[in-house]
Structures are given as C-alpha cells and as structure tokens.
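Pasting a structure below so you can have a look.
Per-chain numbering from 1; labels A, B, C and D assigned in written order.
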Amino acid sequence: MSILVGRKTRVICQGLTGRQGRYHAERMLRYGTQLVAGVTPGKGGSEVLGLPIYDLVQDAVDETDADASIIFVPPASAVDAIMEAAKAGIGLVVCITEGIPVQDMLRLKAALSFYNTRLIGPNSPGIITPGECKMGIMPGQIHQPGIIGIVSRSGTLTYEAVQQTSKVGLGQSTVVGIGGDPVHGLGFIDCLEMFEADRKTKGIILVGEIGGSEEEEAAAYIQRHVRKPVVAYVAGISAPRNRRMGHAGAIVSRAQGSARSKYAALEEAGVMVVFNPALMGAKMLEYFRG
Amino acid sequence: MKLHEYQAKALFREYGIPTPKGVLVDALDKLEQAARSLGGDEWIVKAQVHASERSQVGGVRWAHGMDELRKAGEALLGQRLHTGYGGPGGQRVDRLLLEAPVQLEQEIYFVMQVDRSLERVVCRVSQSGGSTGAERAGGEIEIVQVEADAVLGFMPFHYRQLSLELDLSRQARRRLAELMQNAYRLFRDKDLVMLRINPLALTGAGELVALDAKLTVDDNALDRQPDLRALHDAEQVDAIERAAEEHGLHYVRLDGDIGCMVNGAGLAMATMDLLKLHGGEPANFLDVGGHVYGPEQVAKALRLILSDGQVKAVLVNIFGGIVRCDLIAQGMIEAAGGQGLRVPVVVRMQGTEAYAGLQALAASDLGFITTHKLEDAARLAVEAARAGVAA
Amino acid sequence: MKLHEYQAKALFREYGIPTPKGVLVDALDKLEQAARSLGGDEWIVKAQVHASERSQVGGVRWAHGMDELRKAGEALLGQRLHTGYGGPGGQRVDRLLLEAPVQLEQEIYFVMQVDRSLERVVCRVSQSGGSTGAERAGGEIEIVQVEADAVLGFMPFHYRQLSLELDLSRQARRRLAELMQNAYRLFRDKDLVMLRINPLALTGAGELVALDAKLTVDDNALDRQPDLRALHDAEQVDAIERAAEEHGLHYVRLDGDIGCMVNGAGLAMATMDLLKLHGGEPANFLDVGGHVYGPEQVAKALRLILSDGQVKAVLVNIFGGIVRCDLIAQGMIEAAGGQGLRVPVVVRMQGTEAYAGLQALAASDLGFITTHKLEDAARLAVEAARAGVAA
Amino acid sequence: MSILVGRKTRVICQGLTGRQGRYHAERMLRYGTQLVAGVTPGKGGSEVLGLPIYDLVQDAVDETDADASIIFVPPASAVDAIMEAAKAGIGLVVCITEGIPVQDMLRLKAALSFYNTRLIGPNSPGIITPGECKMGIMPGQIHQPGIIGIVSRSGTLTYEAVQQTSKVGLGQSTVVGIGGDPVHGLGFIDCLEMFEADRKTKGIILVGEIGGSEEEEAAAYIQRHVRKPVVAYVAGISAPRNRRMGHAGAIVSRAQGSARSKYAALEEAGVMVVFNPALMGAKMLEYFRG
C-alpha cells in the first residue's frame, strides 16, 4: 500500500447490481481488488459475481468488515449513498457518478465534515495502487507498480500520465483521479500531503486543468510542504473564457481559472511544469536521471 | 443553462424580488399597445438574448415617444445581435422586453454564486453597478463578499455588513435583507449557480429594484427542475453546438481550422493545447465522453465536425480504456463511408486494442492518417490543415 | 406547550400526514349528526385532554350504534378525567374527537424528538405500537432510532433502515418515506420538540394512518409561532400553575405541604431536596427568576404560594446577587402585609444585603422566621410544617 | 489565568447598549475585566461607559484585538450574534441570553463546529476567574481566588458552591456556568478536561441537575481521565417525572435524567457525591484535610 488503498483494502460496491457497477466490479475483481460485497436497496440477500448483496451499507460493513466503498449510482441517489457509507463508518468512498448538482455537493461536503470519511470524486475515474487495488474504472493494464504518485482532475488525461510513466519505467505508487466537478472530495493538497508522507512515492505528477484555483492553492502548498519533485501539466491553455470545457469544473471565468495563472503559480513554487501533455513522463525521468 | 432576462424576472416576482413594470413583445405590431399599457412616454427596449454584453452592441435602447419606440423595435426584433455568442451568425432577437424607467439614486452590483474554493454560496455587492461598473472594471472597484453559512445560510450580520458597505439608509437595509433572503431562497429552490442583478437600482424612497436579471441554472440539476428545463431557448446556441447537445456531446466552437475529436474532457483540452504548441488552431473542443460511449457516438461526432465548413483537417485522439479502439475505428469508418472524408483526418490511438484500431483505419483506404504518438498526431494535423489552406 | 390531538391532526393534514376521518364535537346534541356525517355504525370517541394516559382512565371509548355513542359522549363531555395532570381536580373534557375506525394490520410506534445528547433530531419507531406497546414497555421492546443529519436532515437511507426494521412492504416503504419527510418538515416549521404518533396504523393496503397525535411545541419558540400559541388551552393546566404562568413564574405543583420560593431553578430544586432530606415534603417548585426580578415579582409569588390550601409552612431561599436582599424583603413584607401570614414563613437570605433583608423581615413583626443558613432554614421549615399539622 | 479567561482576556460585549448589557458591563468593568468595546448594530460610532460601540463584531475585533465576547441580546438575535462573533474570529463566546429555541441551538451547534469558537451557554450566568476576569452576571464579591474549579448547570446554585468554597478558604480557580438549556456550548466534559490540565486547579466541584445524561457522561469521563478530586451535587432528587423544573433542560423523562441515575454513575466513577447542597464546600475541605 502506498496511499489510501492497497492489498488489505476491503471494498464494497454501492450499485453493484446496475449495468455499470457490475461491469466494473468484474474488472476490479479480475485486477485483484478485494471486493467483498455489494449494496443495492431492495436486492439484499441475492448474489452477484459471487458476492453477497446487502440492502444497507451498515449490514455489509457488519458482515464483511469493509473499509472502503466505490459508488456507481445515478446522480439523484449519490449523496444519499455517500452519506450512508459515511454513517456506516466507511473510511474511503470513491464516487464515480457524474452529474451531481453542485448545491448537493455543497451540502454534502458540509455534512461529511462531521464524519471521518474521505471522499474521492464525484465524477472521478477512481484510485489505483498498481498491482494491489483498483477502485475505479481506469484500464488496469496500463499501470505499473512504481514510484510516481499521480493526482489529476481528468480521466483520460490521467491515463496519458500513467502510460508515460509506465513507458519510461518509473511506474506509479498510487494514482488518484480527484474528479472534474467544481466541488469535490479529496483535493490536490490532500493527495500531495499523503504522497509527500508516503515512503514508496519518490516523485509526483499533478495534472490540472482550467477553472477554479485549486492548482494555485496546490502551488502554495508545494512551496511550503513538498520536498519531493513535482511535475505538473495544466490542460486548457488554449481554451477560451467563459466556456465550459466538458467538465463541469473546467471553465475560465472573469478573474479566475486560466491555465496561465496556474502555470505561473506552479513555476513560482518550483514545480517542473510542462506545456506539452506528451512530456509528463519524460520530464519526470529527466529529473531522476539528473 | 442560461435564462432570458424576462424569464428570470418572472422568477424574481414569484420570489418577491421587485422588478420594473414590463411587457414582453414578440411582434412589432404589439409594441405600441405594450407601451401604452405601461403608461408614460419613455420606455426601455431590451433585446432578449443570452449574452451579457448586449448593451455594448445596441441591444438595449431608450425610446422617448412612439416614433423612437417603433424605430428601436425595428432595429432589434427579428434582427441578429453579434454579441460573440451563438456562433458566427450572432443571436437572433425573437423577443423584446419593454420596461418603464425607474427613477434611481444609485446602481448597485449584486451577485450570488457558488464559490468552489470556499465551497459556499457567496453574495457579492458593489456600490458601482451598471454597465460601466464593477462587472467590467475587473479588480479596480471594491466588491464586498459574504459567504452563506453551511448550515444557517445568510444571516442578519451578513445583511448588516453589506448594508454598511453600501452605505444604505435604514429603509434600504431592510430591503437588502429581504432581497438576500428571497434571492437565496430562489437560488436554492431552483438550483442556480449564478444569480446576478446588475444594476440593482436604489431609489430615492430606499427601495431596491432589479433592473436586469441574469440567472444560470445548474445543468446537472435540470432533471429535477423540469419547469426550468422547459425555459431553455436552444435558438440562442450555435447550430453545431445545439446539434452536439442533442447527441449528448460536449462541443464548443472555436475560431481555428483543425477539428478535434477526443475522449475525455481533460485529454480534449490537452489535444487543443498541443495543436497550439505546433502552430495550429483548433476549430472546436469535442469530448465524446471519457468512459461510456459506443461507435455510433463516435460516428455522430465525426460527422458533426466535418459539417463545419471552417474545418480544414481533423485530429482524432482516443485513449482506449473501457471501450476498445477497434470499435471506435469501426464507427469512424462508418461515418466516413457515408460521405467520404472531405478533409484529412489524423488519428492517434492508445490503450485497449489501439493497434487493431489504427490498422483497421489504415486498411480502410479512406485516407485516415494514423499514428500511436500524440506528438506526431498533432504535428501531422497541423501540417494537413496548412496543406488544406494552401490547396 | 402541548397541543390537543385534534389540533395536532389538523397540522398533520396540512402537512400531508394521513389521519382517520374525524369530527370535533363540543356539545352532546351535536354528537349524532357528527356520527352520521362520518357514516358507518361504529365510532371512536376520544376525550381531548393533554394527558398521554387518557385511555387508561376511560378517555377513549368505542361506540357501536347511536345508543352507545350517546352514552360514551355523556360519560366524557363536560366531565373531568383524573389523569394525574391538571392538578387535584383532573382535566375537564371540553371537546370530543369522533373518528371512524381504521382497519389495520399493525400498530407502529413513531416518534420524532430532539435528542439533547446527540444534538440531533431523532426518529424512533417500533413494531409494537398502541397503548400496550413500546411506549409503556420501557426497555423491553426493541425501538430503532435514526438521527437526522445536521445539514441534510433525514435521508433515503434512514427511511430504508426503518422500513427494513419494520418489515414493510414496498408500498408501505414509500409511505414511511413520505411520512418522515412530512413529519420532519412539520417538526422544523413549527418548532416542535416532540411529535409522537402512537399508534401509527399500517393498513392492509400498505397505507400509514396516524391514529393518535401528540405534539409538543418549544415554549421558547412561541413568539415566532403565534398560530400555535393561539392554540394553547390553559384549561388543561392546574389553576395555580396557570396563575403563575401569567405572572411569568416557573411553578410546579407537588404533593407536599411546605411551600417553596427560591430564586434560580437549580437552587429551587436544591431547596426541595434539602426539605426532603430533613423529612419534609415540598408543596411546589417555584423559581422567581435567577437574575432579573423585582420586589413585586416576589410579592406575587409569595401570595400565590399562600393561596394553596395545602401549604402548612413556607420556605423562602434567596441568594442575593444582582438584586439586593433588602428589596426582596420589602416585597415580602408587602405581600404579607396585605393579608397577614396564614402560616409560618421561614426565610433564608445570602449574598447582597442579606443581613439588611433579614433584619427588615424580623423587624416587621409579621412572624417571619429568619436565618442565614440554608441547612437551618430547611430544618425550621420542616418543624414549622409539622407544628402546623399538629395544631 | 486558570482556564478560559484571565487578566489578558480582551472582552467585547454584544448588546452593551441595552439595559441588561449596560448594567452588567458596568459591573464587569468595576470587577477589573478588560472590557474593551461594545457592539450594537446601528449604534456604531457612539460611546457607552467610555467604551467605543461598533456596528459589527469584525470592526470591534479589528480595532481592539478582542478575543472574547459576552452576549446580552434577545433570544431572536442570539444565534446571529454568536455566529457573527465566531466568523470574526472570537475564540470564546459567553451567551447570557435565555429562551433560545432548541432547534436554533441544534443548527447553531452544527454551524459552530466549522469554527474555532468556544461557546458558554446560552442561559448561562457566565464565567469568572476570581480576581482576574468576570464575564457574566454573577455577584463578583462572593468569589475568592483559589484552587477549586467549579462547573455548573445552574446559576444561583453555583453561587452556593462559590460561597461555600470561599467560606472554607479554598477559593476558586475558575467558575463556569454552562447553562440550563438542553442543548448548549461547553459541557461538563470540556470543563473537566481543562480543569484537569490546569495547574492552578486542585479540586473540582460539579453541580448537576436532573435531565439529560450529561452527568452520566461526565462520570464516565472522570473515571478514565480525571485524577483530581471531584465533589458533585445533583439538584432535583425530589423532582417528579415529566415536569420541567424551571430550566428548559431540567426534566426527567421516561427513561432518562433522574438524579438517582446521575448519583449512581458519579459514585461509581469515584466522585465524592453530596446529597445535601449545603455541604459542597465542606466535603471538598474534608478531602484536602485528609
């Protein structure tokens, strides 16, 4: 285990009986993830993929000692699913669901602050510690156990970073997709803090994008607290203002959120920035080769 | 999703936020009667388009007397306003909002929105509202902000703070408190991400009247806001963007000549960035979906890109994860087969079955230019576009 | 503040919580017509009193046919129910709620209340409702509890959990979810501290119907709930307690013979405790207010205590802080002067100007027994009461 | 300073211009409390008792560096006043106000958990560190600097405990009235923890009353964490069930809140309980005399 998930993580899947849940659960099992149960209201007592299904998260936790949950439920049920997991004592929740209204997220985040539950997402591809535990929808085969921690707001762009670091032989300690929504759970800083403290992680790739100020805040944090090498790419330097670029969170508004501002802050903080998304792995390798 | 001013003001009235007297007019011959029903001999004629900058392009006109009113109406209704929105053709004006003027002492800037960094709803006001005020002045004019409490929302001390900053009279303070309560109720009930009143008029009697109204609804909440969804005016959106929306695609039209088709929003932006790095100009942002999509979706997307006359070359960038690249390739061949490839299409594939996908494309003899490498793909697309322009 | 069942059920209907068909009757001659308007030939006749235990003292009767109905009405309307509440005379029945019977499969116990330890609103249910069920069984029957989230309130997973515990059908689950949402809305809107439905009937069709309804409103919230304040039925309260309430005094009638007058609720309880320790029995709890009160308040309080025929002696215990004891003494002399001291009054004073206060009382020659010491005061009061009984 | 307040505490008064606020402010000043400003909306710029009045707490804090606030405002304004203080960074708020609806308190407590503000009350007589700082409405003259920490749910009954400890010569380190409402700020456990950690405090008197389970929870805490001697009195052993004894919080309901249950828990935890409220000081002295 490097950060958050590893061999011992016992995972349940909320929404396992749905099409998407079942599809990815099968792949997670195949990857070696300790997926121990599913939760679907009204389907308690049945079995899917050889796993027991429970009506309530609390029942699943009581029976299986699960400590993490991955959520595949429609956006209208996601907040309820996350809160049910938190209330049942689940320590890590990964929410794949896309399309949760932002005001729901505001309320959810406030409510979650009363619990010791970490949330990844929503609208996240998930988290993977290569070779140990995959909680997400990423293609497992491109990952390699290794030394680079990757944290990203984007899905397929994360896969680029993964593939590049696999290709140059560095591999990944853990890869976290924090999700592309404007309000989400774990952020860059949380992951930077964990990667900095993690012995297996030797370098960090941060993949940002336009919108908000999380990259700027991350830059300030790196300057003060991160000693490990950080490579950063920020997508959207070519994006126009006031247009949403796919992700709900990817929008440059009047005063805030441009890639230029983010790059400036990251460079100022001593981060090795790349403007070319094809060079994330190469830049990191360059550092390690000295 | 944006609402029109007249739609926003209807919601304002429902929530007790004062607006000027106004009548919506959708035909020139109804204009005079509307003006008479408002009374007086001076009116404001406002084009109902989504762009915020309409007043800079003549979308808002004052009319003294019926003659001026008629002229203003003719200049706007049925015409197109080139606001920078709605694509190259601008936005057609299908409706006018005719309003009676409000005697005011001050124009206040007032906005309520979601602050993603604070993770709170915030309310921002400035003494300098109106079209020359806070909104356009960037950082120069002081804007004061209060944040709604996570549990309690906006509270009396917030109202007091803003009232003091705005230097309001006792009567106006009460009105501001009411306005903030009503606006916040509207904001929450209707899943807004932004509610802007600029200007908010302060009258001599200490009343506050919303002269303009801009509401943006959370797209993710439209399923539970069917009444708002029904207010959507698709005419305001660029034609290709509208078609993309109907197919469930995220498409944004840009100024360049290289069409882009990518799976995943981040990778789509990265692809645009890379084109720029190589001296190219993307014609669009297009995310076919990061995770769940099929060949049909891809075929639709490619046809859409090719339907844009500005496009001189296309760059397709697919990272196969859940969906196999060979299936994507099939979809593209279908799309191309239908109408042939009007312009060069460079395809980069990586991930699941990328080799098979690229091979299928190459074997199709439809002229797809294929590669595994992101860098190469961008270079090839830029070259192809230049060649196209030259040709 | 408690509400009557009929008042609570009116609120239930307003908030979409199903109740049986019912008619309120305040005169015997209206009973038959009410029954006919309900239809059928079987009715439940329910005395409208605040006590929870009315069914144990015959306050709820089933009537088959008009004869039984008339008899039930005569046995209740205008009579007094000895429920242990409302003082020695019991509670007068001024109104009857006549209801049609509901065919049910199960009686559920349902309560929503403030949990002060969790600092949350909680909802508790049990499969065993009704008068023989959870409410009276203490800890023996399983009650399941869920807590409203501080930000989000009750959520679907709460409904699911309770539905599973109650073993409800799919239809009944939906009804329970609706009930909890509606009840929570009512709870919050009306500043309730308790909302109890016992029994909540589960019908064969999977419907949930509130057969009984007990609501308690937060006394501290009555200023902003004027509609609820207007529902207050002062007749339900003991006469002396009612008079005390009108004077802004906290008074609780007890069974003993030593009247108590103390400043501060904690000290008032401590004074009662001390009397008990010395073998005495307090006739009441009375807090004249811990902090802000004047001599008039004290005079009123003393007169009130003396108006209780059961009182054989009085113990006054004042810790002078903000208010000076000498002023308190004045008030007491006034009260006594008006009608003389019917029984011995022992006064203990401490704190600000206690010496002056005690001296003034002693000098008044009205028979006040004075001391500085709490212990002595209690002993003297108990002795005085015994002497009074003996005399 | 023993706990929470001392010579250096800089206090503002919200509602200073009201009758009650002004009355007690004058007495606090006379006692030696560093009362530095008042806050009353609409009265900013004026002066009362020689103290500047501000419209906003933030202004008062900016100008005077206040770190504590005592609140005398009507119940309908109290939650707003407390939140305004919290938002302005005030670390300790004492709320004297009586009659705040309990659901307001539920929401307030949830909202306050996002701030580093400690709340005493509402419906509290306040807090005093004898000879240093009085933030409350208690009669100052009965207090003596000394070694006993007193924490109580009741007002005048606290004065009994104070007077008794003054009389036997032990004096008080700090006296906290946590207030008689069912939902309130600082509780017994918070105060026990601080008294246990405070070097000046050598013994603790806990004054409880019927209602709720705070005494039982305090007993469990004492058993595990408190080494200093604790004397406890619980008011209301003679109180009937289901009747509210003055304080909104003083009610024995069906299963919970009786004085007997509280005494049992406290005795079980090794607390020196007294059934006679006149003997709190004597019992404590007995302990110190050995």
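Following the convention adopted for this analysis, contacts are C-beta pairs under 8 Å (C-beta built on N, C-alpha and C of every residue); 3 or more make two chains touch, one makes a residue touch a chain.
Fair warning: this is a prediction, and the values are worked out from it, not measured in the lab.
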item	value
Chain grouping by contact, computed as though chain C were missing	one piece
Most distant chain from chain B by Cα centroid	C
Centre distance in Å when chain A and chain C are each reduced to the mean of their C-alpha atoms	54
Rounded Å distance between chain A and chain D, as computed from the means of their C-alpha atoms	46
Rounded Å distance, chain B centre to chain C centre (Cα mean)	59
Sequence positions of chain A contacting 2 or more other chains	107, 110, 114
Contacts with two or more other chains, residues of chain C listed in rising order	150-151
Chain contact topology (line, ring, star, complete or other)	complete
In the complex, chain D residues that touch chain C	20, 23, 75-76, 99-103, 105-107, 109-110, 125, 137-139, 141-142, 152-160, 163, 180, 182-183, 207, 209-214, 217, 233, 235-240, 243-250, 254-255, 259, 275-278
In the complex, chain B residues that touch chain D	149-152, 155-157, 160-161, 164, 170
Chain B-touching residues of chain D, taken from the complex the two chains share	41-42, 44, 55-58, 77, 79-81, 83-84, 87, 107-108, 110-111, 114
Partner chain A, residues of chain B touching it in the complex	114, 116-117, 119-121, 138-139, 150-151, 188, 191, 193, 218-221, 223-224, 250, 252, 254, 262-277, 282, 285, 287, 290-292, 319-322, 350-352, 373-375
Touching residues on chain B, where the partner in the complex is chain C	150-151
